[in-house]
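Letters A, B, C, D and E mark the chains as written, and numbering starts fresh at 1 in each.
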Amino acid sequence: MVREGFWTEVFQLNGSVTPYVFGRLIGFTAFGAIIYALFQAFDLTNGLATAHYEYIGVVLALLLVLRTNAGYDRWWEARKIWGGIVNQSRNLAQIGLVYGPSDSDWRNSYARWVAAFSATCHHSLRGEQKFNEIQKMCEIVGTAETHRLSQAEHMPMYAIRRVADLLKEAVESGKLDRFYFLQAESERARLIDHIGGCERILRTPLASAFSIKIRRFLFLYLMFLPVAIVDAAGMATPLIVFLVAYPLLALDQIGVELENPFSKQRLNHLPLNQISETICGNLMASIEELPPVIPHNASP
Amino acid sequence: MVREGFWTEVFQLNGSVTPYVFGRLIGFTAFGAIIYALFQAFDLTNGLATAHYEYIGVVLALLLVLRTNAGYDRWWEARKIWGGIVNQSRNLAQIGLVYGPSDSDWRNSYARWVAAFSATCHHSLRGEQKFNEIQKMCEIVGTAETHRLSQAEHMPMYAIRRVADLLKEAVESGKLDRFYFLQAESERARLIDHIGGCERILRTPLASAFSIKIRRFLFLYLMFLPVAIVDAAGMATPLIVFLVAYPLLALDQIGVELENPFSKQRLNHLPLNQISETICGNLMASIEELPPVIPHNASP
Amino acid sequence: MVREGFWTEVFQLNGSVTPYVFGRLIGFTAFGAIIYALFQAFDLTNGLATAHYEYIGVVLALLLVLRTNAGYDRWWEARKIWGGIVNQSRNLAQIGLVYGPSDSDWRNSYARWVAAFSATCHHSLRGEQKFNEIQKMCEIVGTAETHRLSQAEHMPMYAIRRVADLLKEAVESGKLDRFYFLQAESERARLIDHIGGCERILRTPLASAFSIKIRRFLFLYLMFLPVAIVDAAGMATPLIVFLVAYPLLALDQIGVELENPFSKQRLNHLPLNQISETICGNLMASIEELPPVIPHNASP
Amino acid sequence: MVREGFWTEVFQLNGSVTPYVFGRLIGFTAFGAIIYALFQAFDLTNGLATAHYEYIGVVLALLLVLRTNAGYDRWWEARKIWGGIVNQSRNLAQIGLVYGPSDSDWRNSYARWVAAFSATCHHSLRGEQKFNEIQKMCEIVGTAETHRLSQAEHMPMYAIRRVADLLKEAVESGKLDRFYFLQAESERARLIDHIGGCERILRTPLASAFSIKIRRFLFLYLMFLPVAIVDAAGMATPLIVFLVAYPLLALDQIGVELENPFSKQRLNHLPLNQISETICGNLMASIEELPPVIPHNASP
Amino acid sequence: MVREGFWTEVFQLNGSVTPYVFGRLIGFTAFGAIIYALFQAFDLTNGLATAHYEYIGVVLALLLVLRTNAGYDRWWEARKIWGGIVNQSRNLAQIGLVYGPSDSDWRNSYARWVAAFSATCHHSLRGEQKFNEIQKMCEIVGTAETHRLSQAEHMPMYAIRRVADLLKEAVESGKLDRFYFLQAESERARLIDHIGGCERILRTPLASAFSIKIRRFLFLYLMFLPVAIVDAAGMATPLIVFLVAYPLLALDQIGVELENPFSKQRLNHLPLNQISETICGNLMASIEELPPVIPHNASP
């Protein structure tokens, strides 16, 4: 009934951050055990009231939740921008193919270069520009242009310029009305905004002072935790350290994973590959698909 | 005075997630009873201080509330986008019918295809594309076109392309001024954005690492809860477990229900059916309704 | 110095939700007294640790605050949209009256129909469409048109269509330049967005599973509260129940009041009446007010 | 290194809300002392568990923080809108002066009326419309027009209409290309949105049920506080009341101060005066400043 | 696997705010030690219940987190605006170079002035306008214009006006179609919005009453902390004061650091230098780079 069922998700390992934090978790738990052993061996008590310690824990939790939230917002913004790339690519192609020249060469090139834009965005955001990394582009724009792309200063800007060249050609040969052009150009401008938005997210991590600070607090907090609770918790010290450390370390790691939504090395990276291939497929199909005339008087 | 009265809502079952979480709730409560029985039978005490356990509970609650909030935001965003589909359909139709050709065939087709767009969005988001699933479309665009729709790569894009074809025809036959066209086209572009936005929400669940983590914490928390409180709570252990588990499990379930606002299987899915039928009705009516001339000097 | 002074607001009854929750409040307090009496009479103790009970209270409070926040956001969004109706009405009128035909009949009708739009929005959002309910419209557009409005399928769309008819007439008679028309049309499109936005807020309450859940938790929480605290609080049990229940019930009620910002039966409904009358007044005045020529060289 | 140093800000009185809440603070502290004295004199104990009292405190704090946040959002939105007035005024002036007629009378009037718009916004938002209150406008648009402004129904709409008159004149005399006009008109429309946005913030306080409720809770909470803690805190009762009441009362007051960002009587009102004078200065300067021809081949 | 590894970030000093708060931290810790010594020396106890003190701590933490959040939002908004400057500069340049005159002088000047805009924004936001401070501009627009810039009232407005002059020249000499111009002009208008947005963030600190209050509460809280805990914590008093004061003071400082995202003296200032140099580089390159004709029939 629900996504994969409650119990499935509880025990699912795939897609979890647990493996990433396992080492640290064991480390802190072991440290808790050592502290307990020391207190036991030398018969120590520290008489620490844990109330204020908890208070620090609340501040820390608030910070972690805040950072996770900020990370999620970045991730969702990135997804929105890629949604925009899909929308504007679809619309730009449709405007050109419906309102533009009927010349099949032009139509072919146009659809290919619109499709090429999202493909170059995808490669560019993953840092791939060498010819062998972007080889698949050959299927879209041919080998010669793929070589040029691999040497361009900025691949997506090169692709979108090609679209502009084609629009200009169509306008100046009188095959694309200037009013139609206005619409196409405004969609083209939004594509430039979208790739810029992705690059902003890619190149600007969370303010570093902010994120370093959180990790240092987390470390200090988990180091002092066994000392603070050993009197009251006794033998259960390592267990409690484990139960407290697990969500905190996991939250910290999730914040990190969400930070770069484009890198394949992150757990929740967006399926750029798949999205841009879908766009290509659709656009390629839309060149061929010539719809028949419309029956004006569609009687129900 | 208020929506349905305080007491009505308290006891209302319809629309509640309680049935969905009932099994889990009973399970955790029973586990609590077993733990109590074991401790009783073997006369155990564990001397666990529960303070830190509560702290984990606070972190968990923060996470659940955060996820519920994120789910609600998605749901509201989806509602906003459908609101946009209503607005842009209304306006696109009005622009065409007021400023466009007076030719009744054209007007008829135009209103039908604008109405068809929202109907195809509705079907497409619910994964219905077979002819028998979209049969109602016949009333809007006729059987022939409904067959074509059922084979289109992307139904809403097919419908909106029909609108573009009609606009082009009107412009090129000189019956729609290019300045009027600019307005219609900009509304049409927004419709493409709207369907893209819905698909983004449909295809991108919450970052999975995030949501799996929450369910695992929830599980761990509720498993250890009876152990942590059995000393202090005694016989009341299962009751407290029940009272704590109920809101947490329900919150978790609500987060899941809100995640996909389009599926009929979710509790709070949007009434897409109803919205798109209202649009159709309005647009159909607006073709006929030919308003009389306006009395310029409306004396009050 | 401050709005109405701290003390005035503390004791102010007008505009408060207290009367709405009074009954429930007394009920829960009385129940607290009964529980205390029973425990006293049978000399019971329950040995319940209240710590976890408080934790549930925190979750509940978070949820209530979240819902109040969501309600406030809706309310503020509705206010923003009405602000937009004011802005676009003003601007649409100004564009027509400054750039449009100098023909006084046209100007008169135009200003009246722009004013009529906000008036019909106001009536439509409050569910008033019978002739006697919208009688005031006669002063704006005359009796005949008011009758037609009362039979229109959608009053605001009827009014905005009248504006479109007038614009079309002006353009086609050559009295309104097409470039001026573009501006007017884009403001007109935004008015359609605004009424759609209001209808979205009006017709979509908060996700119901969400709000029902909160009331059920609230009920369970307040029922068990006296049991949980009676050991520790003794005679003060009803007082504490009162002090806890008051803010929670009031918050719940405020959330409900904020949900529908248009209904007159809600405490904080927006002054639609007043806003739309101000728009009408301004627009009517702006027809007459013919400003003299501008002295170009305004020496200071 | 930091703004004014940590210690300076700690002890700074200027710009603080402390003086506003001083009376109430003393009052509640004194009440705390009296309660302590009574309990001492009659040797009372109340045996109240303070745990649930704290819980109410948390709800109250959440509400206060929420309101402060809502207040800050309004304040920042108001600031953003004024930023928009600056942007659109700059751009509207530049479009007119670069692309518009070279006629110096027109340029002079145009720049003056664009400048006048922000000046009238400033006066209008502070409720100043009498001739002597807006006397400074004489320097911008001359005495005659200032008199007319003082009698206009809506000063900013009057000013922006003057700008429209000037644009129309330029277009119809053929000195301003229609394509340039489109840009100017779209900036002009945004100025109308901006003043509407300011008026919305000015005229719509926070939902009143919301804010009254908070003050009543605050009052109840601070009245019962000494009773709740007197057993445990003893002689320290007034001190603790003071320490708790100070941040709560201050937060409440800050929320009030942020609510109206335009009034000079509020602590953090925006420097409208200064902003609008800067705009005027810039625009005046930009009339004179005639830049020389541009050296096309700027060799580095 | 993660950004720089968990442990690296924990111990990293570079980019941390710790050095900024070190003095205060030592101060409060020492004060804690003194309090302990006094209580020890005179054998005092104060019998203070710390529960309510913690509650104040929670309020304080909420406020600090709220302010950090507000600071982060400003920082991210500033980053978004600079992202917009990149996008609009790229697009404005591409529109001019693809659709504009083929005249190489014009192209050269145009690309240079578009590049100059972001460079002047960067200087202007850092308060640099003297000739020697902006000397690098000579490489972009030549020495003569750099001198003029150093005397302009507003450098970015001067640069963007140059762009307007060039566009006007191209339009009026018939080398830039008016429809192309519309697109360029709308990008130019957005650049003016962007610099205005940066100036708004630069010149409007957080509402001062808000931020002063937080520091005063922080001070009061940390002063009374050792007194409140000395009974329970004994010898550990200074340690607990240290552990509590460190995150609070650091959070406070991070809030301050995030407040002005443009100043080089702040830890997390945006790399304006680098961004604007990248823009310049790209634009300069784009003048030369003349792409060859497009092979229309790109066979895969």
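Descriptive notes on the structure:
Please note the rule applied: a contact is a pair of C-beta atoms (placed from the backbone, for glycine too) under 8 Å apart; a residue touches a chain by one contact, two chains touch by 3 or more.
No experiment lies behind these values; they were computed from the predicted model shown.
Listing every chain that touches chain C and chain E alike gives D. Minimum number of contact steps separating chain B from chain E: 2.
A rotation of 70 degrees, rounded to the nearest 5, superposes the Cα atoms of chain C on chain D.
At the interface between chain B and chain C, two copies of one sequence, fewer than half of the residue numbers in use are shared by both copies.
Inter-chain spacing, taken between the CA centroids of chain B and chain D, is 37 Å.
One finds 23 Å separating the Cα centroids of chain A and chain E.
The set of chain B residues touching two or more other chains comprises 51, 58, 62, 179, 182, 186. If you draw each protein chain as a dot and join the dots that touch, you get one closed loop, with every dot joined to exactly two others. Chain contact summary for the complex, chain E toward chain A: residues 1-3, 6, 9-10, 12, 15-18, 50-51, 54, 57-58, 61-62, 64-65, 68-69, 72, 75, 79-80, 83-84, 86-87, 90-91, 94-95, 98-99, 177, 179-180, 182-183, 186-187, 229, 232-234, 236, 240, 243-244, 246-248, 250-251, 254, 257-258, 267-268, 282, 285-286, 289, 291, 294-300.
Listed in rising order, the residues of chain E touching chain D in the complex are 20, 24, 46-49, 51-53, 55-56, 58-60, 62-63, 66, 70, 105-106, 108-109, 112-113, 138-142, 144-145, 148, 153-154, 157-158, 160-162, 164-166, 168, 171, 178-179, 181-182, 185-186, 189, 192-193, 196-197, 199-200, 204-205, 207-213, 215-220, 224, 252-253, 256, 259, 265.
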